[in-house]
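One structure follows; several queries about it will come next.
Order of writing sets the labels: A, B and C. Residues in every chain begin at 1.
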Amino acid sequence: MVALPALIRYAVRRLLEAVPILIGIVTFIFLLLHLAPGDPATAYFNPNVSPEIIDRMRENLGLDRPLHEQYLRWLRSFFTGDFGYSFSQHRPVADVIRDALPNTLLLSAVSLVLIFLVGCAVGTVQAVRQYSALDNVTTFVSLFVYSMPGFWLGLMLILAFSSPAMPEFLRLPISGVTSIDYEFMGPIERIVDRLRHLVLPSFALGIASAAGVARYMRGSLLEVISQDYIRTARAKGLSERRVILKHALRNALIPIVSLLGLYLPLLFGGSVVIEVVFSWPGMGRALYNAILARDYPVVMAASFLFGVLVLGANLLADLLYAVIDPRIRTD
Amino acid sequence: MLSRARRERGRETWRRFSRHRQAILGLALIVLLTGTALLAPALAPYDPDAQTDIVATRYQAPSVSHPMGTDRFGRDIFSRVLYGARISLSIGFLAILIAITLGTAIGAIAGFFGGRLDTVLMRGVDLVLSFPRLVLLVVLVALFEPSIALVTLVLGLTGWMGVSRIVRGQVLTVREMEFVTAARVLGFGRTRILARHVLPNVLTPVIVAATLGIGNTILAEAALSFLGLGVQPPTASWGNMVASGRDAMLDAWWITTFPGLAIVFTVMAFNLVGDGLRDALDPRRVS
Amino acid sequence: MEGPDPGAVPAAERFGGTAVVAGLGEIQTMNAFFSRDYMTDQFQAYVLFMTLLRYDDALRPEPYLARSWTVGPDSNEVVFELRDDVYWHDGTPTTAYDVAFTFDRVKDPAVPYPNRSSFDAWESVEILGPHTVRFTLRPHADFLHGWTALPIMPRHILEGTAPEDLATHPFGTSEPVGNGPFRFVEHLPANRWIFEANPDFPAELGGRPYLDRLVYRVVPNETTLFAELRSGGVDMYVRVAPVFVDRIEADPDLRLVAYPFPNYSFIAWNSVRPFFESASVRRALTMAIDRSEIVEVVRHGLATPAAGPVGAWHWAYDSALRPLAHAPDSAAAILESAGWRDADGDGVRERDGVRFSFDISTNESRERGSIAELVQRYLAQVGVEARPRIREHQSVIADVTSPERRFDAFLLSWTQGLVLDERDQWACDRIGKPLQFTSYCNPELDAVMDSIPEATDRSAQERLIRRYDAMLAADQPFTFLYVEKRADALRRRLQGASPDFRGELADVRSWWLFQP
């Protein structure tokens, strides 16, 4: 175990190092975006809109100013906590984030729980029943799911669950975050409604990673089982169930926990496609639409947040490693 | 002497790998896929881009003349899957080659030289990792064109960070080992030590990562096609075949299913081989 | 349909329920000064707000917020008499001051109102009474058009905001106050807009809508949208993907409504390039392209091959003007006589050492990608090499609108205004400006286009519009591929909805849900 003060010093240093990285990211994004052809006023490209109006729009948005001026202006307001206005949505970027981020976090969190619960459960079963038919079948199935393009799986789920052949009690919402009559529901109904809407997208988003976790879990548990103290425990006459649950599982889970940092950014990155397929109003879609619309302030803010999330998840993973595995140096 | 030991180890690895039945199955699949990709022009019953009398020939269910049916232009899906293998596999191989080369170089340099260089490089890795790939991709596609080369390049240039972390970790361990210390005492140059002694000993996890990465790249290309940013028609890739047939899934399931299955089996094959390699190369692992 | 007859339900029993309309795109704002797409326009004009006038099914203006109007002598003055029973949803009456305010903002150069050109001829406004307003204008055909499209905005809410800050006023996205048949309830961005019936909507205009609620949902993926429609989560899927047409028609719970719509697809030929200088060669290219097959393959029949820019939706449409027939042999002969011959036998014609080989740019929409593929094949059959370049939308727009015209040919589609004034695209003096893509110039056409707005009666205008259409059809600066038939899919329980070129929502007040 690393001493706590050293760990804190390490964490603080990493946080400080993150600042230039984040500034680097937003600067690079700014340049990259302005390099791309087109601008926000192009949304009005249309035979009925005269070119003069579009020029006026550019002027109102400050797009006619020199690039460095636009950049500095953005940076200044960014440092005062003002993300500016979304060009395409006509509202503060802070509002855009406020609406979209919770949806993404909710979906990611539920998927993450699913990934680890399902992954660990399947992995454990596979390890305990190594080389059994059950092991082989689950290995095959989880690898199959893992190998499917996410949008394809999502669309098949949608078509299956909307099919007239699907029995009524299995009908799950296939898109959106809440039902149309959500605001007329009681508090319990609302929670149930939200959970029902989460089932399919979180399954589609998480199931591939769950298959990955299952593979790690299987390997990790097999390694632990072969070690001496487990043999000792068995020799003492403890039941197999008890050996696995009380001794082996706990140790096998340690390396799995550190996978957390690995999967968080993956979930954020993988969410655009799932958000489009399940019309989930989250950050992935917001970012994607903003890039296509050249909605610079939204892209910058979303990229910044993405960076913060990934760096945070990485730091978390490294700290966990350091706590678990003293061989990793934190100096 | 060293080389003989290595050969010995190679033989041992192969022995353990070949006992891994699933891995052998995966390897066989990969050989088969690569073979069909190479021989596509000879194997394909039709020209993959041929369109004649579209209205009469489109949306045909699988039959003897069209084993996988026809798509919305009346093109033979079987032929397109064969030709698509070339595109999808090339993208997978080439992108991973780029990623492996970059990742190994950066990880090895960071781990071996350590100090400030290490810090700078690893923060660089963090930067690329925390950079939204989607932004880069759309801008590049907007600036250039969504061609095969561009898709490969983008997937390669955004896929190396994991490898560099693995390699760095390995190098950190290996460089403290006796034979490296010995080489240092013997006065060998640092570059030579890195190239001759350290690198060969860290390649194991790289090979495993590469095998697993090819599958992920093929999946990533499919996701790009779904967003309209992947390889563009008329060139067939498995990804854009699944993506472009998606609206007809109810009426013409075969348009997405066969290229979809091609993706699934390919990704599975590479993963099976990757797992087999990992077990075979890592003596600590129980098999 | 079998079962109970919806027609038998008396009007008094039609009230209640929530209808869900869904489409691929987000509706960004309820601020009428910044509307920019068709669905947004509709929700503003037909649901939340009111326009002074509206169109009947022959595109003739009829009273709406304006009870009546009188045109002064020489058509240089119009007096609108407003209804006095219309209230903003916060209780404030809608008056002539709101109309004058809206007009002032539309004319204000600091407000980039996209359709300002509809008001070019309108000069000034004067309030004669709380519900009477007089405008002065230059005489102009279709001069009332702007008032059918511009919803009146509430002065008492927006007056205090500087014109250049109107775009970011929360009125547009989170707290709009309207005066139309439905009131604003909630906007969940990227998700849905919720409206509820306005009980105070004037009885003379039909009174309270039958529906309790109207919801617009964004579902950005076609398959998901269709699945929602099929399973009952959506009552109307606007602008359905053609691939679902057969399924919709076969489903007893669904019905399909299709109608000509002012959206056409075209290939623009850059006439500065040596290939596309002459009208006869452009005509030959059009003849080489099998547009009926494109309509069948890409649109599943939901479109009509086009002759010129005036589609069947327009009252002046000339059905006698036939689109050029598909005739690859004649096309080849024309190319031959224009000097384009394949002397070296490589399958591609050349002239003066230049190969007839060029790029067709288009964006990554699947429909257009497919058309580009088909066109490539058709042109190859007459010895012309067209290479599709499928690119990101904004990049294509940037290239084709640039003064340098960085393209050979491009393929796009777009939605026209109901009043055709397309001088920005064709007039000689607009060459170099963003929308004059092709650099085509025909002084005779310029004269016709200039006289259309001057024409005072419909028969004179009809002659001119037909002439305009025929001249462009003859010169083919674009290959006008097809005019879209817009199709909407409706669940059978949704009654009283009959979408046409004015939009899906024009009759939303009388929609009702049938529960057998």
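In the analysis below, a residue touches a chain if its C-beta (ideal position, glycine included) is under 8 Å from a C-beta of that chain, and two chains touch if they have at least 3 such contacts.
These numbers come from a predicted model, not from an experiment.
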- Item | Farthest-lying chain, centroid of Cα atoms versus that of chain B | C
- Item | Central chain (by mean CA position) | A
- Item | chain B and chain C, separation of their C-alpha mean positions in angstrom | 45
- With chain centres taken as the means of their Cα atoms, state the distance from chain A to chain C in Å. 38
- Message: Centroid from C-alpha atoms only, then distance chain A to chain B, rounded to Å. What do you get?
- Response: 23
- Note on the structure: In chain C, the residues touching two or more other chains are 223, 392, 394-395
- Item | Residues of chain A engaged with two or more neighbouring chains | 36-38, 155, 159, 276, 292
- Message: Where in chain B do residues touch at least two different other chains?
- Response: 138, 142-143, 246, 249-250
- Message: With touch defined as at the start, can you tell me which chain B residues reach chain C in the complex?
- Response: 51, 54-55, 58, 72-73, 138, 141-143, 145-146, 228-229, 232-234, 244, 246-251
- Item | Interfacial residue positions of chain C with respect to chain B in the complex | 222-223, 226, 241, 243-244, 246-247, 293, 296-297, 364-366, 369-370, 373-374, 376-377, 388-392, 394-395
- So in the complex, which bits of chain C are touching chain A? 18, 20, 26, 28-29, 31, 34, 36, 109-110, 112-117, 164, 167-168, 170, 172-174, 186, 188-192, 215, 217-221, 223-224, 227-228, 230-231, 233, 392-395, 397-399, 401, 414-417, 422, 424-425, 433-435
- Inside the complex, what are the residues of chain A that reach chain B? 17-18, 20-22, 24-25, 28-29, 32-33, 35-38, 139, 143-144, 146-152, 155-156, 159, 215, 219, 222-223, 226, 265, 269-270, 272-273, 276, 284, 287-288, 291-292, 299, 302-303, 306-311, 314
- Within the complex, which stretch of chain B touches chain A? 22, 119, 123, 126-127, 129-136, 138-139, 142-143, 215, 219, 222-223, 226-227, 239, 242-243, 246, 249-250, 256, 260, 263-268, 271-272, 275, 284-286
